[in-house]
Each structure stands twice: as structure tokens, then as C-alpha cells.
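Naming follows writing order (A, B, C and D), and every chain is counted from residue 1.
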Amino acid sequence: MAKITPLREAVASLVHDGDTVALEGFTHLIPHAAGHEIIRQGRRGLTLVRMTPDLIYDQMIGMGCATKLIFSWGGNPGVGSLHRFRDAVEQGWPHRLETEEHSHAGMANAYVAGASNLPFALLRGYTGSDLPKVNPNIRFVECPFTAEKLAAIPSVRPDVTVIHAQKADRRGNVLLWGILGVQKEAVLAAKRSIVTVEEIVDDLEAPPNACVLPSWALSAVCPVPGGAYPSYAQGYSERDNRFYKAWDPIARSRDDFRAWMQRHVLDTDDFAGFRRVLAESMKEAV
Amino acid sequence: MSAETLDFTATEIMTVAASRLLKDGTVCFVGIGLPSTAANLARLTHAPEVVLIYESGPIGAKPTVLPLSIGDGDLALTADTVVSTPEIFRYWLQGGRIDVGFLGAAQVDRFANINTTIIGPYDAPKVRLPGAGGAPEIASQAKEVFIVLKQSPKAFVAKLPFVTSAGYLDGGDARAKAGIPGAGPTAVITDLGILTPDPVTKELTLTSIHPGVTVEQVKAATGWDLKISPDLKTTEIPDAGALAALRDLQARTAAAHGQAGGGEG
Amino acid sequence: MAKITPLREAVASLVHDGDTVALEGFTHLIPHAAGHEIIRQGRRGLTLVRMTPDLIYDQMIGMGCATKLIFSWGGNPGVGSLHRFRDAVEQGWPHRLETEEHSHAGMANAYVAGASNLPFALLRGYTGSDLPKVNPNIRFVECPFTAEKLAAIPSVRPDVTVIHAQKADRRGNVLLWGILGVQKEAVLAAKRSIVTVEEIVDDLEAPPNACVLPSWALSAVCPVPGGAYPSYAQGYSERDNRFYKAWDPIARSRDDFRAWMQRHVLDTDDFAGFRRVLAESMKEAV
Amino acid sequence: MSAETLDFTATEIMTVAASRLLKDGTVCFVGIGLPSTAANLARLTHAPEVVLIYESGPIGAKPTVLPLSIGDGDLALTADTVVSTPEIFRYWLQGGRIDVGFLGAAQVDRFANINTTIIGPYDAPKVRLPGAGGAPEIASQAKEVFIVLKQSPKAFVAKLPFVTSAGYLDGGDARAKAGIPGAGPTAVITDLGILTPDPVTKELTLTSIHPGVTVEQVKAATGWDLKISPDLKTTEIPDAGALAALRDLQARTAAAHGQAGGGEG
């Protein structure tokens, strides 16, 4: 059964230095609050996994949480580059970041294989691409019936997966809807899991065949209203495009980035505090 | 520039020309940015039955404004259904159900291979680009592929530093020999013209030039000695209806998001 | 785009002698009407695929439609044996029936692999079972990363899949809910597909992330209210347990079976006709 | 028979004894028929938090009447969620999330291997049984397995004609050596007693006998020379509450379906 617990406690007890950690959410429901809490608690040596590392991984990488990134598309969606990610890869700042690079199809299948307790994912993929030349974890196997060559990549099996969802009930069953990405697979592929939710309700009122994660398959459920900001939670909030654009100049300079993270994340107690300070600084900027 | 070209920008004719290639009823796997603009323009004009699929999960999306990212809420709310991202890649793309993959690119080469990974050596990159995303499998598994990007010597290079997604590899029958199922990129639409692969060598050839653009301009914007089709056509100018629909769409998008179009993300 | 068409026409144009045909539905939404129509039209030489062959396959096998059966559990759920299936396997009546036998996990994965356009399915399965000794299509492959041995079976790729669903809209988009079984995978694994539906509506009113099959991925949609009888369609009808029990004595004898099929299926025009005659004969039986 | 046994039938004590083995909070993959009766009885009595998963897709089913088939509507309507059958087998069973697999069987052997496939040679069967269903992977992948079936020499055979689902194979460490992850069948519950595997040899041993049953009766109902535990216990009689709950459940089921319990289907 999932414990319903404050996010701070969930991160303290479930995310350890050196862990392989996946924060998932495909544009929608990105667990920003949980990412901030991992930064605040100073986690180090993480292998970060995520199909689309965007602002939250830019922040975690820039703050030195990660030594390795497993991913398939790293950018600021609709805006451009992730400057902290690029600085880590291109200049090794704040330290070298090892990368293991896949395609979306590869990553999605690797999560499915992880959730299915298979050691590897099988797909038609990577043909003609240079990715297998730079990623020794892209191999090829032969079909025992047709002798066709198919791509094989290791399953993703995170120590802990973190997602954001719309609702949980008081027992800790979680409901999410809209763009689901790979979140269900990422949770089921992981040894431990944290789900931040917009609200806790008496009854999920889930439609038939909805995406429900049963409480007993989760480690912790943490109420964090707005915890996906600047991403969105369908039915609760809209994506804040201004913030995605505002991030670009902040992240360009190491000093600006550090100062911003200090003020907005390290010096705030929690995500509500972050939102308050951010509101102030955005007012100043206008 | 001729009088006709005064009515639209180079980006507009690129977008309209790209959208015209999408036939009604086509099932299209849409990349974000320019491909999404062109595909939605097609849906709002000549191809109301086009089926737009985004890698985040929406099938049959009919957004009223352009998505800024691959997972905007409007995509989900207007779709016939929203499935998981693994299902999109497994059952719908790999399943062989996509007619057209519509992609952007940072760089293409003369055989329409795509780079979105890196400039410079992989282990000591000059520029780290976002990476593959869905493109490698879209490029190989869609029945055909359209690529849309602005033409410049930096973007159109003789040899890519990194092949992220396969076009025709080394040309000729190299793609088929590598066992790649789809037909590959059948058109590269730019702000200067349309390039299509030579039927035999698969080398990208300028087969249509936008009105007001000279062949010299296109050659100068290409990092190899670009072949010009002996049968070179002039791209039809955007009709008033398409242009109005595009501008409406972008105005709605700007009003909704505070910016137009969506980047390459 | 799916054609909305009478079932008779759909079967006539889409199901051919010698085809590999999957009728799926896991207790819920079993396409009985379509099975009857295949019998009425006298199809021969079919390879029938189904995880849980039950009454409808008992009828098709007994009427000589099938030369091969690929399956994982063949019985009359809640009642006992399938007598026509057993007679075909044990006595070769009406002719020899080749069987290819899997586990549910194997079949479910084989449909997933078919829908995914993979030549084979990969699973942890069949370990310690004698099934691989009698089914040469159960093989084993080695993980290229861990050297673990995993089971491999060929994908199921039917020529045509037939399912029953609750609703379609006027464009032919289909919605089903409740117990979904392998129907989505079976449809997407097939070259052609027929969906019988309870009703055609203006608007599916599908909840977020519902199981919707888009019209363009289907061949034909056929309105057949009650077309799953004696199985059920959630929200429309209940399972008729009396019929499952009544089937047992009918199917025990070859002659009784033949006479019953003649009167109820061959001599009726369609499923509505079958239901009328069945109502009469069940009244007689009381 | 003693006075105590007059109050319940052999099937009732079997069902109640089986249900008692299910601990509260356990995640149980439920076979139809006797296992489903026992698992639901546990849920309605001492184990309200037991999570029942059926192979047709329901997770956390709380049926008010016993399902006759693996896909009854009541299972879907009362479940926490209903997923596809592939997902049940891939993410939940193979994913390693099942504590107890609760199975029926046509035959078991002395090492708790299960046959549900065939009597006689495979190519010329005397009796064609329904086949494997979900059992081979439930038997191998659930953390432990309970088997419930009535005891008779036809059902309890020294050597199976066909091993559909693995128990302890040839006994000893054969199961682990074959790379099968779960602990295997830890209890076989019959209408006469409870058999559990010897810790070392893994041979099924009578460790509990139902009140009113003699050791000779159990031996006579077993197709091999059944070992009797030196520490043989007498099965606790069903308490009044469990018995009342079981009878209520079966009465509700009979009223709803016109029959009790559900067969092996």
C-alpha cells in the first residue's frame, strides 16, 4: 500500500544517492515539484532516465545531481536548447555527464520491457541510424522463426520512478488521464515509486478502463497541487508557456542559473514556497 | 521579386507547399513545429479527413491552435482517442499504420538522411542538439516521409556528422538493402523550393522552385553541388484560402500561447 | 475507413476459405453472430485462432469450418467440456483438427507482437511445461545482455479478426469498454477486421483514454444488436448462463448437434432469425 | 463421522481451509471455480484487503456473487480498474506483482506438477482437457501457488501424462535449477486434507487432515504412496462466520446465475 505522505519525506526515504531515477511525464504531468525536492535534498550521483529531459532535468543536471542521463530527446519544447544539459555535455559543467542515447521508440519499449520484467526490449528500430555506433546498449537479435534482425536494448528498471497525476483516493489509488506518455510503464518498471497528485479525493470516479495505478503497486503518494508547474495537469491547470520561454535566458549563464536556483529552489521550503517566490520574481521582471 | 511573391513570406509558401503534399484521408505522424503547422493547415483546408497522430499519444487530433509541444492539452481534448506513448510507437508506427511521417530536421544531406543529434565528434561535441526523439523509427517505418526545414549551407550539408534517422543512406538501393521498410523521404520542402529524390540515385534534386527565387539562390543555400531537375517547375503560389487559413491559425495560436508556430521541440 | 455494412456482406467480402481467422472476446463481447454468419456461408479450411475457444468455436469446428485451431484454453466456461472440439481432437469428427497449443500468456503476447508488427513475441513463459515438447512453435532465445533464456513464439497475424463492441459512430469509429481481453491487439494484428456493434450512435461520448478503434484502422462495422449472445455486452445485455448449460447436452451427440445447427443457424437468415427460433425452441424445452 | 463434521460438507471445509491460507493484503491471481470461491470467501471474511486479479483484466475485483466465467461483468464493475489481458500477463503477472496464484487442476502429481491438457498420448488423446489457460505462467511467476482440487486416485497420480504447469518438476531443487522464479505450490488443499511439499524433497506430504477423515481414506484417494507428516494436524473446523459467509455467497450466486460456484472453466 502506498503511504500518503509529504513529498519531502517521500524523497528523503525513497530517493538515494547513486540511484537510477526516472521522472516521467510527456509534456503533460511533469513532476517538477519532485525534481525540486530532489535538488533541495542534494542528491548526487543519480542516473537520470527520461524520454524528454526538459526544464526539470536541465535544473537537476545544472545543480550536479546527475552523473548519467539515459534519454531520447533533450530540449526546451517549443523554445530551443537546454543550456545546462548542453553545458554538461559540451563543457563538462558542473561535471562530466555520461549519456546513453536512444530513440523514443527505444525508450518507450525499454520501459514496457521493464514493466514486463523482461531483461531486454525487442523492436524494429535504429536501422540506418548511427545511434548503435555510439551506444553499445543497442544490439541486434535474430528472430528464431524468420531470421529477421531486430533491435534489442536493455530494459529500463529504475530504482525509483516519480510521476505527477491528477487524483488519488484516500487509500492511495491514483488516477491519471489525458496524455499518459510512459508513466504507467515507468512506475511498474521501477522498484519504488512516488506519485505527486493534484488532490486527494474520496472517490476517484474513474471511467471504465481508465489509467488507474493501484495503491499497493506504489510506494508513496504526495499531495502537491500544481506540482507539475510549468507543465500542466489536464482538468487542473494550463501549461505556462511564459516560463518555458523565461527559462532560456536564465539557463544560458552559469551564474544566472545558480543564482536563480538558489533563490527559487534551495532557499524555499517546498513547491508552494517556490511558486510564491517565482510569482515575486516574475513580477519584478515585468 | 515578382509581384506575386509580395503577398506571402518564404515561410508561408514553404508551409503551404508542404501542406499541399498531404492528401486527404492520409494517416500522418506529425513532428512538432513546422510539420505540425503544415499538417494542421492541410486539415483546415484541402484535407479535412487527414488523421494526425502525435507521439505523445493523441490519434486523430484536431487542435484549434498549434501545439507548442508534442503533448499539449488541446491535442488530447480534440483527439478521437489518446493512447500511451509505447502504444503509439508499437501498434501504430511499428504496426505499419502510418502513411506519412512529417519531420523537421537540423541538417539533411544529399541523400535525405537526417541529423538532429550532434555537430562535431560525438564524444567531444561542438553543439549538442536535442537528439533523436521519434524520428529514427518514423523515418524508417512510415510509408513515406516529408521533411520540412529552411534551406541554408549549414542545414544542407554534403555529409552529416551524425545520421540520426535514415533517408536513403548512401543512395541508390542502400535503404532497401538495409531492410528499411518505408519508401523514405519523398519530398524535402524548404523556404526556397522542393527537393525530391532522383528515382535511381536517390540524390535530392531541386524539382520545384518557389516563385521569385533563383536557382543560384538555392544552390548557394546548399552545401553540395545541387542537381537541378531538367523539368524544374515553379511552385504554385499559395492560394488566398490557404494563406488566410494559415494566418488565422497562427493568430489564434499567438493569442492562445503568446507566440506563433512552435519551435523544433 | 470502415464500411458500415450488413454482417452478411462483411463476411462475404472479408472472410475467405483457407483464411486465418480470429474471433476474440474474453467471455465478454464474444462475436457469436459473426461466427454464425461464417457457418451459414459455409467457410472451409479456416485456421481458427482464439485464446478461449468456447461455444462459438465448438459450433464452427463441429460444422467443419476449421482445419486448425490455435488456442490456449478450450472449454465451456462454468459448465465443462466442449464436446464438438473434443470429438474433433479425439475422434477426428467431422474431420481431423490440427491444434497448436499455447498458454494464455503466450497467446496474449503473440497478439501484442502481431499488433506491433514483430515476427515473434518474447516472454518469460512455458518453463517446466511440456507444451514446448508438443509445439515446435515454442522456442527459446537468449538475451543479448544477460544471456537469460526467454520463450519466443510466432506472432499471431490473422487474415481477419472479428470482434463485437458496444458502439460505433456514423463514421465507423468503435468504442468498447469493460473486459477488453485481447480484442484491440487482435484487430490491430490482422490484415482485415470486422466489428459487430450493439448500436450506431451520433457521438461515442468516449471517456478520456477509452478503448477506441478508429474507423480507418477497421474494414467493416456491422450493427448487430445482441450479437454477442449468449455472451454479453456490458451496458447492454447479461450473459445467458442457461444457454451455456443448455449447450452441453446439445453438443454431446453428433446428430443432436447437426439438427440444432440446421434449425437454428443454417435455416435462419441472420442473428435476429436465430434469436427468434432459439426463443421458440427454448420455450418448447421448458 | 464425528459430531463436529455434521455441520459442513467436505467441499465446504476444503473451501474454508483454502480461503484461510490467503492472508489479508495479499495480491492474488485467481483461477475460476474453486479458487475463486475460496479467494472471495477470504475477501468477505478475514482478508478484506486481499487484491483479486483475474486474467480477463479486472484488478481489485470485489464481486458480490461468484463469477461463472473469468470475464463476468460483475468482476469489471467492482474492480479498481480493468486492463487488457495482455497487460495482466505482462505487467502484473510476469512483472512479478502477484503474491499468490490460486489454481485448480484436473490432475496433480507427487511434486505438485499440474495437468490440465490431456489424458493419454498427446497425439491420440483419450480425453482432451481444456488446456493450459493462464496456469503455466501463474504457476511459475506468482511468488507462491495454492492448488485446490478434490482428492481421488484419478486426480492425484504418481506420474502425469502431461505437465501443463510446473510444480517442483522432479522434486528437490529441480524447479530452481530450471530457472523458475516463484516458490511454487506451497499448499494443495483438498476435500480430505492439506498437502504441503517436503522442505527438501518437495514431495507432497499430508500435513493436515480434515476432521472426520481417516489417513487411510486420504491414502486411498491418492495415486502414489502418500507420505504422512509425523506432525499431522487436524484441520481447524470452519468457524460459523466463515461458513455463513460461504453459504450466503453461494445462495446469492445461485439466485443470480441459477447455479452455484462455477465450474473449472
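The criterion applied here is as follows: contacts are C-beta pairs under 8 Å (C-beta built on N, C-alpha and C of every residue); 3 or more make two chains touch, one makes a residue touch a chain.
Remember, predicted model here, so these are calculated numbers, not experimental data.
Colleague: Please tell me the distance, in whole Å, between the geometric centres of subunit A and subunit C computed from their C-alpha atoms.
Modeller: 41
Colleague: Can you work out the whole-Å distance between the CA centroids of subunit B and subunit D?
Modeller: Comparing mean C-alpha positions, subunit D is 58 Å from subunit B.
Colleague: Taking each chain's centre as the mean of its CA atoms, how far is subunit C from subunit D in angstrom?
Modeller: Those two chain centres are 28 Å apart.
Colleague: Residues of subunit A touching 2+ other chains?
Modeller: Expected reply: 112, 117-118, 123-124, 148, 178, 180, 184-185, 208-211, 234.
Colleague: Which parts of subunit D, given as residue numbers and ranges, touch two or more other chains?
Modeller: Residues 76, 82-83, 90, 94.
Colleague: With chains as vertices joined when they touch, what's the shape: line, ring, star, complete or other?
Modeller: Contact map by chain: other.
Colleague: Sort out which chains touch which and give me every pair.
Modeller: Going through each pair of chains, those in contact are A-B, A-C, A-D, B-C, C-D.
Colleague: Please output the residues of subunit B touching subunit A within their complex, sorted ascending.
Modeller: Touch residues, subunit B against subunit A: 32, 55-58, 68-73, 75-77, 82-86, 88-90, 93-94, 113, 117, 122, 125-128, 130-137, 139-141, 162-166, 169, 175, 178-181, 257-259, 262-265.
Colleague: Per the contact definition, I'd like the list of subunit A residues that touch subunit D in the complex.
Modeller: 1, 112, 115-118, 173, 184-185, 188, 206, 208-212, 214, 216-217
Colleague: Could you list, by residue number, the parts of subunit D that touch subunit A in their complex?
Modeller: Touch list, subunit D to subunit A: 25, 27, 51, 59-60, 76, 80-83, 90-91, 94-97.
Colleague: Please output the residues of subunit C touching subunit A within their complex, sorted ascending.
Modeller: Its residues touching subunit A are 117-120, 122-124, 137, 139-141, 143-146, 148, 150, 152, 154, 177-178, 180, 207-211, 234.
Colleague: For a test of understanding, state which residues of subunit A touch subunit B in their complex under the given definition.
Modeller: 26-28, 51-52, 71-82, 85-86, 89-90, 101-105, 108-109, 111-112, 123-131, 134, 148-149, 178-182, 184-185, 232, 234, 238-239, 241-242, 244-245
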